[in-house]
Every structure is written in structure tokens, then in C-alpha cells.
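Below is one structure, written out as C-alpha cells, with a few remarks after it.
First chain written, first letter: the chains are A, B, C, D, E, F and G, and each begins at residue 1.
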Amino acid sequence: MDPTRPLDFLNESRNKRVIVELKNQKQYIGRLVSFDIHINIVLEDGEEHIDGNLNRKLGKIFIRGDTIILISSE
Amino acid sequence: MDPTRPLDFLNESRNKRVIVELKNQKQYIGRLVSFDIHINIVLEDGEEHIDGNLNRKLGKIFIRGDTIILISSE
Amino acid sequence: MDPTRPLDFLNESRNKRVIVELKNQKQYIGRLVSFDIHINIVLEDGEEHIDGNLNRKLGKIFIRGDTIILISSE
Amino acid sequence: MDPTRPLDFLNESRNKRVIVELKNQKQYIGRLVSFDIHINIVLEDGEEHIDGNLNRKLGKIFIRGDTIILISSE
Amino acid sequence: MDPTRPLDFLNESRNKRVIVELKNQKQYIGRLVSFDIHINIVLEDGEEHIDGNLNRKLGKIFIRGDTIILISSE
Amino acid sequence: MDPTRPLDFLNESRNKRVIVELKNQKQYIGRLVSFDIHINIVLEDGEEHIDGNLNRKLGKIFIRGDTIILISSE
Amino acid sequence: MDPTRPLDFLNESRNKRVIVELKNQKQYIGRLVSFDIHINIVLEDGEEHIDGNLNRKLGKIFIRGDTIILISSE
């Protein structure tokens, strides 16, 4: 491979707000605190959005990696 | 990686009440007793909630990690 | 990690009656004989319950771990 | 762990008739010839049952472990 | 374990006609050429059957193991 | 095992046209360029077929192995 | 195996625009920045397309490999 890997993007996104989209069609938006190779992640000031609308404020949340489809910057 | 990892959040949550949301849309709320790298977890004083309503009190429960979507603090 | 792990709860539950809930929404109740790290389990005097009603008595049963959602004490 | 493990039950069941229930809701009944750690199994004199009725006689059959929910003695 | 294992049955079935049933409810019938520990298999003179009727003749086919439910002798 | 393995068939099919059928019921037809043990494959001059009809021409395509049901010669 | 492997195609596609099709039927189009052996990928200038129409511009995105069906050149 080469030195640029997908997890580098997650590393650059630490402490920034990201949008995490799940297989169940919900979105979680928050500040990225940590992640691991399974793409388990922890967000701070997490918000749950459904169909683009804020549904719940959740504080700090752990999201299991196998439920994630994509992660983008807010 | 770096020293902050997703399991650190679960470690901080030991002995505190957490909300565990499953792929089958049920929520389990209880005091986090233990977890492992598969995110198998044990809760004490566990309650099952469906659509936000208390459905059953379950005592101590083991939840298999692959059924979990997210874990937050109560 | 620390010395308390999720499988400790299953270990404490050996020879006690447990309720095992599966992804197919059925429940199996019986005396926990054994388990392994995949959460494959064997119950003795196993009963199948559907919607809270006893459906069948099954004797000794092996349940494959990946079909399990949660395990609680009866 | 301890010396009693789930596969011990399958070992005791060798050469005996077992009922294997699959995720697709079919049951296969036959004499247990062999199994492995993935719970792949081979039955002899295998019969397929649907909704409790004999559907087909299949002779010797290999069943892939990841399709299995539970195994009980006939 | 013991010397009889599920893959022994597949080994005995080499060069014989087998019926392979998939999770998508289709059946493939052909002469078993090869298999591996993932239960990936290759059939020669493969035929696709749907609801018990011959649908297509396919020649030599590779079937990915994780789509297989069961394999029996024709 | 023995010297004939399922990947041998894929190896013989290199540079030949193959039909790849996916779990989502689409077919991809093209010249097999490469494959690996996960059955990830690359096709050249790839065509997407739906219900037996050409839907799109796609050029060179990478197909993730876990979406594949079967591979046959054209 | 031989020196041509599926990831070689992804390697050739670095810094080029690719179309990534997911199991949820959405397409993501963007410049391929990086990938790993799980087929996790990062795209730059990512666009989400639904039924062939541009739905959203997303900037830099991480896509988890297990949600991907195929990757082609734009």
C-alpha cells in the first residue's frame, strides 16, 4: 500500500464535528473523540438526526463500527 | 493510533447507568457492569424500553455485542 | 480491561435457569449447562416460549451464539 | 472456563438422532455423523420438515453452521 | 474432536453429483469438483433449479460458501 | 484436502469472460482480470445485466467478494 | 496466485474519480484518496447520487468497506 490510508482521514477529523450515517438510516453528528480499526467511534455532544431533522441530543455516545455506512465532515 | 480509544468511554461508564440501543430497536437501560472487545456487555438493574416506554425489568442481563448500535450515558 | 468481564456473568449463571432471547424473537428458558466465547450455549430442560407463552419442551438444546440477543436470569 | 463446553453436548449426540433448526425456519432431523467448531454438521438419514411436517427425505446431508439456530435431541 | 469431520462427507462426494441449496432458495446440481474450508465449491455440468424445475444449464460454476445452506447427494 | 481447489477454477478463468451473480440479483459480465481469497474480483469490459438484459457498460470494475453468489463461464 | 490482484485496480485508481455503489443502492462519486484491505475507502469531493441524480455534495468522506458492492472508474 502507500502511506495514505482511510484511517488517516478519521485521525485528521479528531476533535472536529463529523456526520456519521448508519445502516438504519439515522445520522449522528458530534465531535469525534476516538475511533479504532473496527470503526467503533465515540462522539461528544452527539445529536441524532432523522431525515435531516434533529431528533435527540445524546451527549457522549459510543457507536459500534459495523453499523456505520459513512463518515463525513460537518 | 493515540491513547484515546472508544473503549475508554465504556471504561469511564462502568458502574454508571447507560442506554444501550439494539438493532431490533429496543433499548436497555442499566448500570454497566462489564464489557469486552466484542462489545458484549453486562448491565445490572436492566430495564427494557420500547418506543421510549418501560416494557420489562430484567435484573442482570448479558447483551451480545453484535446486536448493539450505540451506547450513551443516561 | 479489568477483572470483571461479561462472561463472568454467564459463569455465575451455570446450573441456574436463564432466559435466552434470539434474533428470531423466540425465547428459550432452561438451566445453563455450558457456554463458550462465541456465546454458543447449552441449556437443560429447555423450553421454547413465543410471545411469552410456552410453545414446546425441548430437553437439552444447543443454541448457536450468533442468533442470541440477550441472556438474563429467570 | 471449565471442562463442560457446548460442543460436549454435540459430541454426546454423535450417532443419535438430532433436530437441527435453521434460520430459514426449516428443520432437519437425522443421525448426527459429525460436526466442527463452525457448527457445520453432517446428518445421515436426513429428513426436511417444514411446519412440523415431513417435506423430503434427503439421505446424507451437510449443513453449513452459520445457518443453524439450534440443535436438540429428537 | 474425532476423526470424522463434516468435510469428510464433501471429500467422499468428489466427482459425484450433489445438490447445493442456497440462502436465495435456488438449487444448483452438478458434479462436485472441489471445495475448501469456507465451503466455496466448484460444480461441473451445473444446473440451476428453482422450485424443483430446471431453470438454466451453467457448465462449470464457482459458488461462494457463505451463500450455501446445505449440500446433499443427488 | 487435495490439489484441486475452488480458486483453481477462477485461475483457469483469468482473461476469459465470466458471469458474476450478486446477492442483489444483478449480473456482471466481463473478462476476469484478477481475484483474491476473499473472492474480490476485477472485471474488464464489465457489463451490468438485470433480468437478463444489458443495463449499463461499466468498463473496469472491482466487485467486493462478500456480495457474490456465483461465478460461471460465459 | 499471481502478481495481478484486485487491489491493484484500486491502486491504479488513486487520485482518479471513481463510482462507489453501496448495498443501500446509493452511489458515491469522488476522487479516490485511499483504501485498505477491508475496502474501507476515502473519497474527496464526494457526491451522493440516488437513482442517477446528484443528491448531496459531501466533501471528503470515509466509506466503510462492508457496505460496498462495486467500484468503477467514472
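Convention: a residue touches a chain if its C-beta (ideal position, glycine included) is under 8 Å from a C-beta of that chain, and two chains touch if they have at least 3 such contacts.
Nothing here was measured: the structure is a model prediction, and the numbers come from that model.
Overlaying chain C on chain F by C-alpha atoms takes a rotation of 155 degrees, rounded in steps of 5.
The distance from the centre of chain A to the centre of chain G, with each centre set as the mean of the Cα atoms, comes to 18 Å. One finds 33 Å separating the Cα centroids of chain A and chain F.
A straight line joining the Cα centres of chain D and chain G is 41 Å long.
Across the assembly, chain G contributes 66 as residues in contact with two or more other chains. If you draw each protein chain as a dot and join the dots that touch, you get one closed loop, with every dot joined to exactly two others.
Listing every chain once round the ring, from chain A with chain B next, yields A, B, C, D, E, F, G.
Against chain D, in their complex, chain E makes its touches with residues 1-2, 4-10, 23, 39, 65-66, 68-73.
Touching chain B in their complex are the following residues of chain A: 11, 14, 22, 24, 28, 33-36, 40-42, 46, 58-64, 66-67.
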